[in-house]
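Below you'll find a set of structures to go through.
Shared between the two complexes below is subunit A, which pairs with subunit B and subunit C, respectively.
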Partner chain A sequence: MAKFRRRSAPYLFVLPFLVIFVAFSVYPLIFTARLSFTNWRGSGAAEWVGWGNYTYLLTSEAFWSSLGNSAVLWLLIVPIQIVLAVIVAVLLNSAKLKLRGLYRVAFIVPFVTPLVAVAQIWVVLFDQQYGAINAFLGVFGIPDIGWLTTSAWAKPTLALLFLWKTTGFIIIILLSGLQSIDGSMYEAAELDGASKLRQLWSITVPLLRRTIMFAVVLQTLAVFQMFAEPFVVTQGGPYNSTTTAGYYLYNHITRGDLGTGAANSFLLVILVMVLSLFFVRMLRAKD
Partner chain B sequence: MNSNPKRPALRLAAVGVTAVAALALTACGPDITAGADDEATSDRLQAPSADKPEGEITIWDRSGDLYEVFDAVIDDFNKKYPDIKVNHEAVDINAKLQNTLITGTDVPDGVFLDDALVGGFADHLWDLTDVLAPYADDIAPQKIDATTVGDGIYGVPYDLNPGLLFYNAAALEAAGVDATTIETYDDLLDAARAYQEAVPESHPIHLEQSPFLGQLQLEMYASQLGTSIADADGELRLDSPEYEQILTFLDTVQSDGLGTRAEYLSPTDIAELENGNQVFYPWAIWFDFAPQQLLPETSGDWRAMELPAWEDGGARSGAMGGSSFVLPKEGENADLAWLFYEFLMYDEAGYSAVWGINDIYPTGLNTSIPAYLPAADPAKPLFDPIEALGGQDLWEVATTAGAQIPSGTSIPSWWNGAVDYLGNDLQKMLDGDLTPAEVISSSTDAIQTNLIDRQ
Partner chain C sequence: MTDTLIRPATVAAASAPRTRTERRPSLRIGSHVFLILLLIAFLAPVAWAIISSFKQPNDIIRDPLGFDPTTFTLDNFTAMFQDVPIAQGFLNTGIVLVVKGGITLFFAPLAAFAFAKYSFIGKNLIFGTVLITLMLPTIVLIIPLLLEMKALGWVNTYQALILPGAIDAFAIFWMRQVISAVPDELLDAARVDGCSEFGIFWRVIVPVIRPGLAGLAVLTIMNIYNDFVWPVIVASSERMSTLQVVLSTLAQNITGNRIGADYATVTGELLAASSIALIPLLVLFIVLQRHFINGILAGSVKG
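What follows is the complex of A and B.
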């Protein structure tokens, strides 16, 4: 009996977590997997449709278009954001900078501002005929641009909103990484006559690589799941040009097409997992 | 290193138990069959038979002024039914209703819902055919169509939203254009051309830039012709002379430079309305909110008239939007909730409190009219004339227009999903990238493949 108690003790300790994990992670996962093979619309019995939902999505122009939109947004957001965040984080980490606390707060303010409020301001600022942005550009003779009403400009405008809103968060993550770098390395580099730029490139960036990769994975997940920004600013338009993978998935759910939505979410999970693994592999290869 | 050979077995057992538990839980989901569910149950709601019905009901409404209006009616309702307690909740219905109905948890007894969404939830709702029977002949036919799925009626029709032609009377008069002579859409084109000649930088007619609202407006035009995107059996009917006529009109407005492309009441739209460049706005009655609250420069200059007809003598209005009250089958006291809605919509004390003068709307609720025809009598106005419309009696205009809305305009359950296809294709046409024929052909194919075939 004593032996059984000793052996079972660890399992009993993890049992509370296990129960919650099964109820809120494993169960929904299996439920969704099961749902993805049906045409269930929220009532009555679900009809088994085999791989029907998956083949529908994989042959659907709209599905691939949503992935394409997310990929373009990723290209417009993540590389720029990482470079920008590294530069700003390094500046904010400088001991010579006065009012550092104030700047840090200023950079995190957009991240904690409600998106709906920001989105309304964005819509007004980027209005084609009466927005402040076009009014400003007009001073230089640049004609009005349909920032939110043309397929060509809607994605960059949305990317700008995402950059403005989330870069502060990435800066905070990188700042924590910077603070773990031993200051003596910079002192040694200075003694060797290395310039600030050289120190940034040869010390800061390599030692921040893990934190940067973490930020890249985080933002990759965020971009491919991006929903709120297109929902409140463009409603996925014009012509679905800002219908991201997350927004496309939402459309299935709200229209009661739960089977297709479930299949779509699984395809997204696979894609995001592959991308994350790719970045982790890249990191390991460098190590 | 694992020194105990029994541990892997124990771990395996733990994983096994977890998997079995998860699978067992998953079995709580819907039954899966190899074919369609043919289960037929009686889901026709019956009114309570007790002399003094009693109980508690939970009613969901959207937050905002309308919630306050309905809330204020509860006291009057309780004078008639003192033993029914109404729990009135302001809820983000579009976000919460689907999950609530699917899970069956804390399901309300009555819900305020867009007509376009009723069909999608019909499986979860009571068929109200029997309780509505005493009133059905007096309800606007378009509203019965909008809430009918198969042989059942799944909503208590709330409001009728007749399409009207709003026009800037002052600007038109200054340009020498008499809008009151407009009777057909050809007349509207002529008036727009005349105005543009007097005000060269103008684009007099509103062309909606939001795919959703653009499709809603398209359906208003179609409703005038007694048609809609699909018939009562769900068969598409875009490929018809009616839609060709409407799309050709819109294409003409676009190609002749007579239209202002803007999203409904966006900054551009408001500016163009205020500066006199956009003077014709064919829209539902609820546009009257704009002159009252959003157009301070031109408030008082606007008027409303019946929509132009598509041909001489044709109907002068179509429906654009609208809402109803639905009663979920899982609600505990749906029969009592029916009494609440019956009072609200079909009792003079109820509908007068909703549309008439009240604390929330001191001149009455004028963004819609009742769907119950005895309440929508042109000679018995419920709301006052509107100052922002130059003191015009909008009640008389709207009820006269509403009475002309043809029947035969069903709303399929996939209506909102069609916005991705028809709504977008319409925008492409208004941007000059598609012809009317291409809109019809492209939207028909896409809706059939992606929505109808997947129901």
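What follows is the complex of A and C.
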């Protein structure tokens, strides 16, 4: 009896999870794969269109421009964020630094705030006429900038929101990587008279490479899926300049073009996976 | 103790580090200045929003940088409570938090226990699938999930907000790692004492993995509280809107309707709503810092 109970127990334990997992993850995934080969619009009969949705997207200017927008955002965000986070993490990792606990908590605050709330605060802060940012810059005689109303500035403004929101998270990740580095290496370098900057470049960065690459992969995924930021702040505008890959995908849903949307999500998955593999390769090549 | 051991070496190398010790104070001041500037940049938007939400609407737009405490007002908050269903938003978010969070925190460790400590048919297949779904972006699932909700008649219901995404693959993955570290001897000892299999989970595993559970709890709370994409797609009716969805409607009012005095009123309401929405998580974060950071770190493996 005890043996039977021990044998049957794991099935019962897994069952609730399995029901939800199959119903709301596995099944929808298979459904999306099928849907991406049809022209279904949410009702009526679905017509099989083969690779039609995929070829339509791959030859559509709007699709490529959505990827281009995400790529530009990536360039505006990831390099700056990594450099900034490495510097801050190294400073915070120093045992001699006073108030490090306070800094660590303060830097993570943006990450725990609800995105929608801060995205709205962004809308108000960066308003061309009434915003605090232009008022502040005005003190230095800088004329008002149309942060959210010109296609030149809309992307940097969104990038700034993303940087503000997630850099603390990257700092925490890098800090945990730093804590696994053996302190004696620095002592040795110090005895050899290596400067702090030299130590940072020759010891910290190489040993932290894995963690850095991990952070790059995470942020690449996040930037290419970015949706809520443009949804709240710019609605993809002005002139589609902030229609990110994630926002473009959402557009298919609102237009009821579900087959194309499904194909689009798979293309996005493939792209994100290729990018991740590329970064992992880069990491391996140098090992 | 270590001090005396190291001393001979330090004495020998004393001439070299001397210059460095002299340089250090300026370096330290420099890094503090840098960190403090960054700190201001990180906290300013939130602080500005909270302070501004107590200003007269017209002052918010006329003088966005100033604050005159004598004009302190709660008007933005009262107007906001009248104009948007924020209380309903809090209620809906609260319901989803309790039920979805409860389901996840109970059933995820339970299933993870089976994956970590038992062998059963299909174990590797299921766990492999869990790992694959971990790597997929969540947006892939949105279209079919929405259709599934329509087919079930669940659009604008609590079920739709609660069930998809409950007991998520990541929670299973993380809890399995945590439970794997629990020594088997503990479980065997409990069995010898006549403990049932569920009794082992409840009385042996759960107490041992409490720190991991706390991390999972804060991460789950944060994710559910901040969740926006799925709620806005599946439950955007006024009655079913979660807090984040209610907030997002305010922003759309602003961009859709930007004329004179009206803009000031809407901005005031928006800042009041955002400030109120910030507070619960900030308080929770300050109280549970360590668990938050553990949760966030563990959560980062979710790609």
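Just so we're on the same page, the second predicted complex is superposed on the first by the 259 of 287 C-alpha atoms of A that agree within 3 Å, B and C clash if a C-alpha of one lies under 4 Å from a C-alpha of the other, contacts with A are read in each partner's own complex, and residues count from 1 in each chain.
The rule we apply is simple: a contact is a pair of C-beta atoms (placed from the backbone, for glycine too) under 8 Å apart; a residue touches a chain by one contact, two chains touch by 3 or more.
All values derive from a computational prediction rather than experimental measurement.
Legend: residue contacts after superposition of the two complexes on their common chain; A:G131 is shown touching both subunit B and subunit C. When the two structures are aligned on the shared chain, A:I212 is found in touch with neither subunit B nor subunit C. Once chain A of one complex is fitted onto chain A of the other, the partner contacts of A:V26 extend to both subunit B and subunit C. Once chain A of one complex is fitted onto chain A of the other, the partner contacts of A:W48 are limited to subunit B, with no touch recorded for subunit C. By the touch criterion stated above, A:I77 is placed in contact with neither subunit B nor subunit C. Ranked by how many residues of subunit A each touches, subunit B and subunit C are led by C. Using the contact criterion defined above for the overlaid structures, shared-chain residue A:A89 touches neither subunit B nor subunit C, since it reaches no partner. Once the two complexes are overlaid on the shared chain, A:R6 sits against subunit C while remaining clear of subunit B. By the document's definition of touching, of the two partners only subunit C reaches A:I108; subunit B does not.
Looking at the shared chain after the overlay, A:P238 reaches subunit B, while subunit C stays out of its contact range. Residue overlap on subunit A between its contacts with subunit B in one complex and with subunit C in the other: 7, 11, 18, 23, 26-27, 31, 35, 42, 123-124, 127, 129-131, 235, 253.
The residues of subunit A lying in touch with subunit C in their complex are 2, 5-7, 9-11, 13-14, 16-18, 20-21, 23-29, 31-32, 35, 42, 84, 87-88, 91-92, 96-97, 103-125, 127, 129-132, 135-136, 164, 167-169, 172-173, 176, 190-191, 193, 195-196, 214, 217-218, 221, 224-225, 227-228, 231-233, 235, 246, 249, 253, 258, 261-262, 265-266, 268-269, 272-273, 276. Contacts from subunit C toward subunit A in the complex involve residues 9, 13, 16-17, 20, 27-28, 31, 34-35, 38-39, 41-43, 45-46, 48-49, 52, 60-65, 103, 107-108, 110-111, 113-115, 118-120, 123, 126, 129-130, 133, 135-148, 150, 163-167, 169, 172, 191, 196-198, 201, 222, 225-226, 228-229, 232-233, 243-244, 247-248, 250-251, 254-255, 263-264, 267, 270-271, 273-275, 277-278, 281-282, 285-286, 289, 292-293, 296-297, 300, 303. For subunit B in complex with subunit A, the touching residues are 10, 14, 18-19, 21-23, 25-26, 29-37, 39, 94, 98, 101-102, 120, 123-124, 209-212, 266-268, 271-272, 413-414, 416-417, 420, 424, 427-428, 450, 454.
On the side of subunit A, the complex with subunit B involves touching residues 7, 11, 18, 22-23, 26-27, 30-31, 34-35, 38-48, 56, 60, 62, 123-124, 127-131, 149, 235, 237-240, 251, 253-257, 260.
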